[in-house]
Amino acid sequence: MRRLLVALAASALLAAGCASDLPPTGASAPPDSGTSAAPAETSAPASAGTGEQSEFFVQADYDAQLAMRTQTAEGPADKPWEQAIAPQMVDTAKYKKDGPYHLCFSNAAVNNPWRQVGWTTMQEEVALHKEIKEFTALDAEGKDDKQISDIAELQAKGCDALIISPNTTATLTPAVSGACPAVPVIVFDRGVETDCPVTFIKPIGGYAFGADGAEFLIEKVPAGGKVLALRILPGVDVLENRWAAAKVAFDKSQLEVVGVEFTDGDAAKTKSIVSDYIARHGKIDGVWMDAGATAVAAIEAFEDAGAPVPAFVGEDQQDFLQKWKDGNLTAVAPTYPTYQWRTPIIAALKILKGEEVPKQWNLPQPKITQESLGTYLQPDMPLLHYALCGCESMPGFPGKWGGK
Amino acid sequence: MIALVANPTRAVYAALIATLAIGWALVAFDGGAFTLNDIVGIQQRSAALGIVAVGQTLAILAGSLDLSVAYLISLVSLVAAETMAGQSSNILTAVVVALGVSALVGLVNGVVITKLKVHAFIATLGVALVIRGVLDHLYDGPAGRVPVDFQQLGYARIGPIPVAAILWAAVAVAVWFLLRRTRLGNRIYAVGGDVEVARLSGVRTDRVVIAAHVLCSLCAGVAGLLLASRLGAGAPTVGTDGGYDLESIAAVVLGGTALAGGRGGVAGTVGGVLLLAVLDSIFNQLEVNSFFKDVVRGVVIVVAVAVYARRTGRRAS
Amino acid sequence: MKRAIPIFLVLAGLLVAIAVANPYFLEPAGFLGFLKRVAPLAILAAGQYFVIVSGEFDLSVGSLVTVEVVVAARLIDGDEAMTWPVLALLIVIGLLVGLVNGLVTTKLRVPSFITTLGAMLILSGAVFLWTGGAPRGALSQGFRVFGREGVWAVLILLVAVTAAVLLMRADFGRTLIAAGDNERAARLSGVRVDRVRVFAFMLSGLSAAVAGILLGGFAGVSAQVGQSLEFQAITAVVLGGVVLGGGRGHVVAAIAGAFTLEALFTLLNLHGISGALEYAVQGVIIIAAVAAGGLRLPALRLSPSKV
Amino acid sequence: MEDTPQKSPAPEQVILRMTSIGKSFLGVRVLRGIDLSATAGEVHAVVGENGAGKSTLMKILAGVHQPDEGTVEIGGETRSFAHPVEAQRAGVAIIYQEFNLLPERTVADNVFLGREPTRRGLLDRAAMDAATSRLLDELDEHSFGPRDMVKDLSVAQQQVVEIVKALSVDARIVVMDEPTAALAEHEVELLYRLIRRLQGRGIAVLYISHRLREVFDLADRVTVLKDGAHVATVRTSDVTTAALVKMMVGRELDAYFPPRADEAVIGEPLLTLRDAGNGKLDGIDLDLRAGEIVGIAGLQGSGRSSLAKAIFGAEPFTRGEITPTRPANVREGVAAGIGLVTEDRKAEGLVLNQSVRDNALLVTRAIGRGGRSHRSTAAVAALLEKVRLRPPRQETEVKYLSGGNQQKVVLAKWLTLAPKVLLFDEPTRGVDVGAKAAIHDLMRELADTGTAILMISSELPELIGMSDRIVVLRDGRVAGHLPAGATEEAVMALAAGAAGAAA
């Protein structure tokens, strides 16, 4: 099949007598054989109210991620961004060259606080390394098409390594495949459906995130308690995975999921939805969220309704942590650490120095609990700061991140 | 200089050349240089917006406008990619189906505006919402797969010229030809200039407006196909992420076409799109952040239209 | 006012349907919650009404709402003492943006669609340029009170509605609608057409400032707080039977349009038609409402007619 | 009148025959039992006062309106037109006062709009240009070509474009609605030549005009309408101007006008112009005195409306001495107590979608004069009573009123100003007879209470009947002064210049 496509592509090229920026590999395989894994279990107890299992659910990935939570990461203990869980190292000798280096970065967007914190962190990481003489970054502004052009443009800039944070998994795959032969490619955050990048850096993943929160609620909320699940929007793989894992956990539990709602990540909408549920059900015993950006708005809905704030799942965003501490809440914060923005720079330098790197670089993905809250909450950081930036010891801290 | 400003089309090209020159200098000062790759980038970057804007020109010339193009682009990319399902043999069917869907949306826009007498702003905004609802309901994320053959549309080049740019040029020339050399084109200007005059001259004005909308939607459909070929799949947010609705209107107006209709043309629109693309490219070279870009873009659009308004104002008084 | 009757019937129907589906709605707290939720959009609709009835558009209000909230958060930065000065500043910003929109539209004769489209890009770009991409700082509790406590929101809504009605009955309002109806006749009667239009834009800017204060108060700082509010506001106004192109429609009907839109969302949510199809339903209803209104526009007047 | 000798043209030559045409709008009968016929090569004038029904009749012929009664035969066939285009296809071309042209398009584009020739499916611009050129040549028009933009043409040239458009559809009937209204004197001559050429091609020309001189110059026959009814159709050679005027007016001139001002009532000048001028006017000397109605006569384009607009401040004077105030813009004019009742009520006088009340208070509100009491329902009721609006409903939208009532609302608007000077541009155009008298009475009452009034009118009987003094303009200058009760001939002689004082 693939050969046929390649042949077709080749003949098309010949026929047109023209050049193409299209990668000749054609349809490429996903990085892991996840798609061929057994179909997800879709049966759920009707009472759970969690609906059908997501079509994004892949059992093998789920199992792998949940297992990774308990595995010990290799690497320096005080630098989680340099740690890797169960690394399969690959040789990078063929990329070895002398510095100084020109690194390039195609960024999907800087359109939300998480990316903002990450982007700042990455720039500071670059500043730490004298051997990087030039760092060229293009912002795709959340547009797939622009990112495809950006990647093509960066390839012509004589980059020694190309870091890509893809805007969308499926649609950026051809562009990434196209860049691989020309330059060592490092992909992080969202993945692509090809294994051509030298390394793919990510925290453990969405299943672990979702499960961390759900397990917390199952532990804290008495049996029969009502749980409200708030999701940002459907269709984003990372977010789908978070919910899928939570769903699996809830389905096995004695909790009643009274609703699964989409908030568009809009604080006002979140607050309205939660208010409606409080009004309708009188009492909500737990709130699960697939991202913490609107957690505070959801908490406020309880405050404004004069209801006690139930067990909450948030994220490592400063405003939530602050609220948690001030309100002495029962809460947990799974994280999708922004320190992963440091790793690609480190990885790029390793590659260019010929040091081996993990093929899939699984970063540890801690969750913030009541016990560790004190260590992560830094009072003088802005409300939309993400605590797991791993940036506290960087020279620009805290000013560059807007802190005081 | 006065002569340049006297004609919006000439003005926008003058601005384009000036921007290129200034951009070149700035980039050189910054230690970079415009390469062949950047030129290719500009063409690639502008092709999709260019095609949409050429279509939007038709709607605006006819005294209307179309806010539904962005969602239509997403819809078309999905319809095409799903119909192709990775098979080269399905390409033709997919293109036909995709363009059929586009034409249908254009027809609905046109009919709602002319027969139900709903203001174009509301009509196309309403249709946009309907498409959005359908998209959200049916699709969770990228879907379908575009075969490699079809991806050539988005990636192949003939020498330094990307096929996408050739497609854009072809669409622009076709629409230019339509406006200059066909009855429909003539009547689009007439209807946009003065509906009553056109009606009294025997022009079936409703049909002209509907035709303009169908063509506008077809252009959006072509852009959707192009984007699907670039992405290798259909994506429910590709149209809105690109901001093709308001940006295409901005490009048209930047090109000197009057928002009220009846005056302007494709040449100006092409200039407007290229101007935006060159600005983009320069900003990319200088790694200016996207917020600053928005500010500059907003200023450029308002200033350009203010300059054109001064021109027509002087003539009127 | 006669043409406004349908919107009130539709609104009444929707409210009854909501009450049937959710009796809590009839309790004071439930209804207060609804009012609190409607308030920002209703105020924006009132502001947008002034602009539309004068024959123009204001697409910049969504961005402006975001700007207001982001500016407030950065300047207040959790400091209660800053609350009042910043509130005053927000009002000034709203009025100033309206002033610029109005002057560019009337004096430079740029169609308001383009002026405010440009303003939309400039505002959102500029504010994030200033804050480095994401909102910074924090709102004070004093600031949050207006949006969080239903009583305040409802009070502000009442004041806004009353002010809007009084303005439309005053000389300003009557000359504004006259300018939207027939600019030339208004000019030849001594109406300062440009000035009343500029005021209309300033009122729209002011409404965005107030809506921003309410929305920021309601749910806190967010970068997308104002997203697509401009289209919602225009939709609400048009639902109220106000004609794009100017000169016709009542401000109370425009505000009722906002209530209707919000009631529609609430009802769709109650019936589980959230997210996806909500938009489709909204789209169909807007077109149907305008078409059923039998509005006949002589021409698409997107640009100010020349005199 | 009906028994005026009338020789029917030979039937085979008759191109148009309208029989017993009747039409009502909203229950008001505007036309009844109208007969009209035209033969090939004939110039047939249609005359009548404003509101006589000329325009409605022509719109029926053009397919804009459909008749309630009667038939339209063209070339012997009974036709009914649902749409203007059908009338056009049947060979009826209408040249409206306001041209139906697209300023942003070329002459050829305009001529062939809606019927563009094609070759192999493509627009044949060469053919369009050639055909347009040919027609322009035939009309002996060489001052512009097919490729020129219409916006760059003069009014007279645009009229030629309209005529070329009519010729290009092989029109058999060409209707011209007040074609000389916007033309300068020398351009009128050219128009005459054009019309003769149309005649020569066997086209029937229906010529609608107020100007009896033109009627006698051009027309073979003339049909007189009055109050929506057919009065007579006569050969121009069989009738005198006086007889025609009598048929049109149907009454003694003075019968309907309020008595003129007493010398005693006329007071001090409230406005004095000395050597005033701007782009369109030059060397104007004029006094407007309290209690006096000054009539301004002149052909269209002589600067009558410009004079009113200049005094008002809408198109201000740029030179000369104007006392006591020289408004630089409308607001200054209004603030100085000057009001202007514009010629085009709908476009310039009223905000049609607003209520009677809103319109009546528009000026008050615009200048923010007076307190709340001025805006009270009672105050507006008193105002409407003063202008005799019937019925005096305040909340009715103005667009639903008759022309006469609309004009009364315009008047009410200015009365709130208690104007020192009130300028009337065609105050009774499109107003029915009853309302006309009421408006005339109101004007006189205003004058009697000390307002200085300037009145522009194309209707000489009205001008003569109302004015205490007449100033005649020609080409933007004062051509002469006439006392009250001057004859129409005297006015026309001055207006058209001695040489042109025919008829």
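Remarks
So that you can tell them apart, the chains are marked A, B, C and D in the order they are listed, and the count of residues begins at 1 in each.
Rule of thumb we're sticking to: a contact is a pair of C-beta atoms (placed from the backbone, for glycine too) under 8 Å apart; a residue touches a chain by one contact, two chains touch by 3 or more.
For clarity, every value in this text was computed on a predicted model and none was experimentally measured.
With contact taken as defined at the outset, chain A and chain D are each touched by B, C.
When each chain is reduced to the average of its Cα atoms, D sits farthest from chain B. Across B-D and B-C, the chain pair carrying more C-beta contacts is B-C. Distance from the chain B centre to the chain D centre is 46 Å, each centre being the mean of its Cα atoms.
One finds 29 Å separating the Cα centroids of chain B and chain C.
Taking each chain's centre as the mean of its C-alpha atoms, chain C lies 45 Å from chain D. Centre to centre, using the average C-alpha position, chain A and chain B are separated by 34 Å. Of all residues in chain B, those that touch two or more other chains are 289-290. Among the residues of chain C, those touching two or more other chains are numbered 133, 275.
Under the contact rule defined at the top, the touching pairs of chains are A-B, A-C, B-C, B-D, C-D.
Contact residues on chain C toward chain B in their complex (touch as defined above): 57, 104, 108-111, 113-115, 117-122, 124-126, 128-129, 133, 231, 234-235, 238, 244-245, 275-284, 286-287, 290-291, 294-297, 299-303, 306. On the side of chain A, the complex with chain B involves touching residues 5-6, 8-9, 12-13, 16-22, 26-27, 55-56, 110, 136-139, 141-146, 148-150, 152-153, 155-156, 168-174, 178, 234-237, 240.
Residue ranges of chain D in contact with chain B, taken from their complex: 84-85, 88-89, 100-105, 109, 113-116, 118, 121-123, 125, 151. The part of chain D that touches chain C in the complex is made up of residues 312, 314, 330-331, 333-335, 340, 342, 347-354, 358, 361-368, 413.
Here chain A touches chain C in the complex through residues 110-113, 116-117, 119, 234, 261-262, 264-268, 270-273, 275-276, 279-280, 293-294, 296-297, 300, 304, 319, 382-384, 402, going by the rule given at the top.
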